[in-house]
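Note that subunit A is present in both complexes that follow, paired respectively with subunit B and with subunit C.
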Partner chain A sequence: MGGHSSWPEWIYIGVVVALLVWVGAEAWNVERLVEHIPAEAKTIIVTGQQWFWTFEHEDGTKEIGELHVKKGIPYKFEIGSKDVIHSFNIPDYLVLMDAVPGRINVVWFLPVEEGEYPIQCREYCGLLHYNMRGTLYVEDGA
Partner chain B sequence: MVLELAKPRPIWYIMFSTHHTDIGLLYMITSLAFLFMGGALAIAIRMELFYPGVQFIADSMTFNRMFTIHGTTMIFLFILPFASGVGNYFVPIIVRYKDMAYPKLNAIAFWMIPPAGALVWLSFADFGWYAQPPYSLISSPAPAADMWIFGLKILGVSSILGAINFIVTILKCKHPDLPLSKMPLLGWSFLSSSIIMIVAMPTFAAALLMLLMDRMGVTGFFNPAMGGDPIAYAHLFWFTFHPEVYVLVIPAIGMMYEIIPRFSRKPIFSQGSGMFAFIMLALVSFASWGHHMFATGMSFTEKTVFMIGTLAAVPASAMHVFNFLATMWGGRIKFATPMMWATGGIALFFAAGAGGVVNTAMPLDFITHDSYWVVGHFHLFVFGTIAFGSIGFLYYMFPYITGRMYHEKLGQVHFILSFVGAVMVFFTQHILGLFGMPRRVFDYPPIPEWIAMNQLAGVGAFLILAGSVIFLGNLIYSSGKGKDADMDDPFGLGGKYYYPYQAKTPHH
Partner chain C sequence: MLSILVILPSVQYVFAAEEPGEYLDRRVEIWNLFFRMMTVAFVVGAVVSGTLIWLIWRFRESHPKAKPTSYEEKGVW
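Up next is the complex of A and B:
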């Protein structure tokens, strides 16, 4: 409208759309790779409940609040909940998946460095949500 | 024209009036009261998090109740009623009609807000503004949760009534000489946000009823113990509340469209581009609700679809930013208080939008999701964009409402404190999220980065508090004792451009 030309706006919109297409395509590609679970991944059953995490390894060992894994082995978490929705999170490994009662959600990760890493709940779950924490121990697999 | 304080009337004249400016005034005073109440809770939350460990809030349950009521108050009792207040003042003037289409319905819609606000505040519920089942079904104490649900129910009905009124006023009562394409963009913002509201809100109304029945044990829609699915609630909730984000932000953008051209002493760069962007936002707002649920175990295909739907909203928002900057380009800009708030709001709107792109890029969402990043991100919208636009517009309307001028220097100090404060609180919260701090936590382990960031945010919150105290003082003092405003050109802009209050409006 008016006497001014509108080509700067078209160029601007073009640049914005091109950036978005690039971000979207890149995100699509990375997510596709991230979601591909390696066949040799070991399963760990993760159960959230108010207000702690329980882990069950393939060999039947159970741990509460602590999770011991071996370096260099991919692990697949099968995450469920006993009461309300929680969110299983290992920030240092970018592991994040909701624990929804009535569902099993799957996410995998590959520990690459020995050490202790925090585990926390990232979905509000009530009284002690802030303290629903645990520790991941990555140990030498040899 | 309303000059409440120059020509005082008994308060019940205003309370029982159905005139659009009276109801607009009631809306604005109520919403400002709730802004300060919700803000007090925010300050308490930031003070509690200033150090790790327990400070002065007795227990985590009190803290959880505080952030729940803070969120509910700011969205439903400040932002929405404030926009309705502005719309009540200006929509009839913009379309050149004597009042809203349904004055009594308008009064009813307003008077639903105080009882609903009382229900929400007396409930002091604890499940977050999202009332997520099954937590809200099995863990929330009884009277609180039910009162909150009833309060929200009433607010939802009030919003729908208000939206119907705006749509009918604009489409049916518009002066025949004024084509829709020439209607000021503030009017367009109310048209598009009201349409979104009418389409989106009934879904939440249904979800609330289902939640209430689930809580009573009658049904089990969202209760896994009875075969229900809590994720169904998430879909219903976000189907309403992602579009609702645009209901909140679009009127604020419309308010900036009033301020920016006037204080730049130039016409809007492109009316067409502004209208197109509003319509686009209204359409694509319904294509993106799933991005709130990427971490609930969505399939790759679902996430891709919702990512594309979310990214589609960005060009329309970017068009608004372009329109603002192109309007200011080459203008003789006067940085009076309303203009400062509007430009500050645009800057923070841009930052918020850029952060939003990160959130919706699927792998990155798993870094930011439910962390403090998200808190910083949406506060850049609700505070940085919407509250900035609204407060700027309140300064702009001040002479119109009171016939007096606010104190200009204090208004500018208020802006500077709030802008610096907003950057300190919400930008640091983004970083805090990248360091992995979850949102909605009462306490946190003493990680040095977390402490530093929380303290920066705490200082920022105090700057905003200081600004708000000045704001309140300025409002109260100036409305009674301020200088008389020059009603033809209160901001000294030369009076060349249209001021809404110069329109001749028949009073009934």
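Up next is the complex of A and C:
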């Protein structure tokens, strides 16, 4: 094996390492930006249980299976579960967070368009998992 | 190349760290990340598979410029 040049290998290794660093840095940065919760975000306590979602607003009002929010206001979801692991998902807003018994997971989002959007459970949680759905109503905040 | 891949993005992050947009749209950030990663994935895929295809084509036994390795030539390993 002696005598041949190894610089192509080193260039290859360098390029691979640079790409991995770049991919890692990009992903880390986007995660950091996305997870930064605005200070004025309104808290909504989300509770999953077989097989429906309960939402509790800051003023204490509760909703079951549907959630009404105002356009242009950031909301912070504090997500928990009463029984098994669920996953709180609003596909149109790329909100996805596990609901785990004994623990509160946090995710925030900003509704920007009025309308109705599906909410669903994204972690198989038993017989009626497929029907553990809700509706997000984004209303005009003005 | 190294500066494009590593140094410039790092500099961007340092400045971006000052103002993590309070009202950024997570959909935009996440989909943009996805598209950037897909661009990298397809470029890497093309380069790697292209290299392999060229390597196999160039170093096949029937290639006009093919020559035996020194081991094969001498019949000793």
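Here is the rule we go by: the second predicted complex is superposed on the first by the 128 of 142 C-alpha atoms of A that agree within 3 Å, B and C clash if a C-alpha of one lies under 4 Å from a C-alpha of the other, contacts with A are read in each partner's own complex, and residues count from 1 in each chain.
Just so we're on the same page, contacts are C-beta pairs under 8 Å (C-beta built on N, C-alpha and C of every residue); 3 or more make two chains touch, one makes a residue touch a chain.
Please read all numbers here as calculations on a predicted model, not as lab measurements.
Trainee: Contacts for A:124 in the overlay, against subunit B (first) and subunit C (second): which applies, first, second, both or neither?
Mentor: The answer is first: A:124 touches subunit B but not subunit C.
Trainee: Determine, under the contact definition given at the top, whether A:141 touches first (subunit B), second (subunit C), both, or neither.
Mentor: neither
Trainee: Have a look at where A:96 lands relative to subunit B and subunit C in the superposition and call it first, second, both or neither.
Mentor: first
Trainee: After the superposition on A, what does A:32 contact: first (subunit B), second (subunit C), both or neither?
Mentor: both
Trainee: Based on the superposed arrangement, let me know which partner A:65 touches: subunit B (first), subunit C (second), both, or neither?
Mentor: neither
Trainee: On the A-aligned overlay, A:115 touches which partner chain: subunit B = first, subunit C = second, or both, or neither?
Mentor: In the superposition, A:115 touches no partner, neither subunit B nor subunit C.
Trainee: Between subunit B and subunit C, which one contacts more residues of subunit A in the superposed model?
Mentor: After superposing on chain A, more of subunit A is contacted by B.
Trainee: Can you list the residues of subunit A that touch subunit B in one structure and subunit C in the other?
Mentor: Touching subunit B in the first complex and subunit C in the second, residues 23, 26-27, 30, 32, 34, 94 of subunit A appear in both lists.
Trainee: Spell out the part of subunit A that touches subunit B in their complex, as residue ranges.
Mentor: 1-2, 4, 6, 8-9, 12-13, 16-17, 20, 23-24, 26-28, 30-32, 34-35, 50, 83-85, 87, 89, 91-92, 94, 96-98, 100-103, 105-106, 118, 120-131, 133
Trainee: Where on subunit A does subunit C make contact in their complex?
Mentor: Subunit A residues touching subunit C: 14-15, 18-19, 21-23, 25-27, 29-30, 32-34, 36, 38-39, 74, 93-95, 109-110, 112.
Trainee: What residues of subunit C sit close enough to touch subunit A in their complex?
Mentor: 1-2, 5-6, 9-10, 13, 16, 20-27, 29-33, 36-37, 40, 44
Trainee: Which of the residues in subunit B come into contact with subunit A in the complex?
Mentor: Within the complex, subunit B contacts subunit A at residues 60-61, 64, 126-128, 132, 134-135, 138-139, 224-225, 229-231, 267, 269-273, 295-297, 300, 303-304, 307-308, 311, 314-315, 318-319, 322, 326, 357, 360-364, 366-367, 369-371, 435-436, 438-445.
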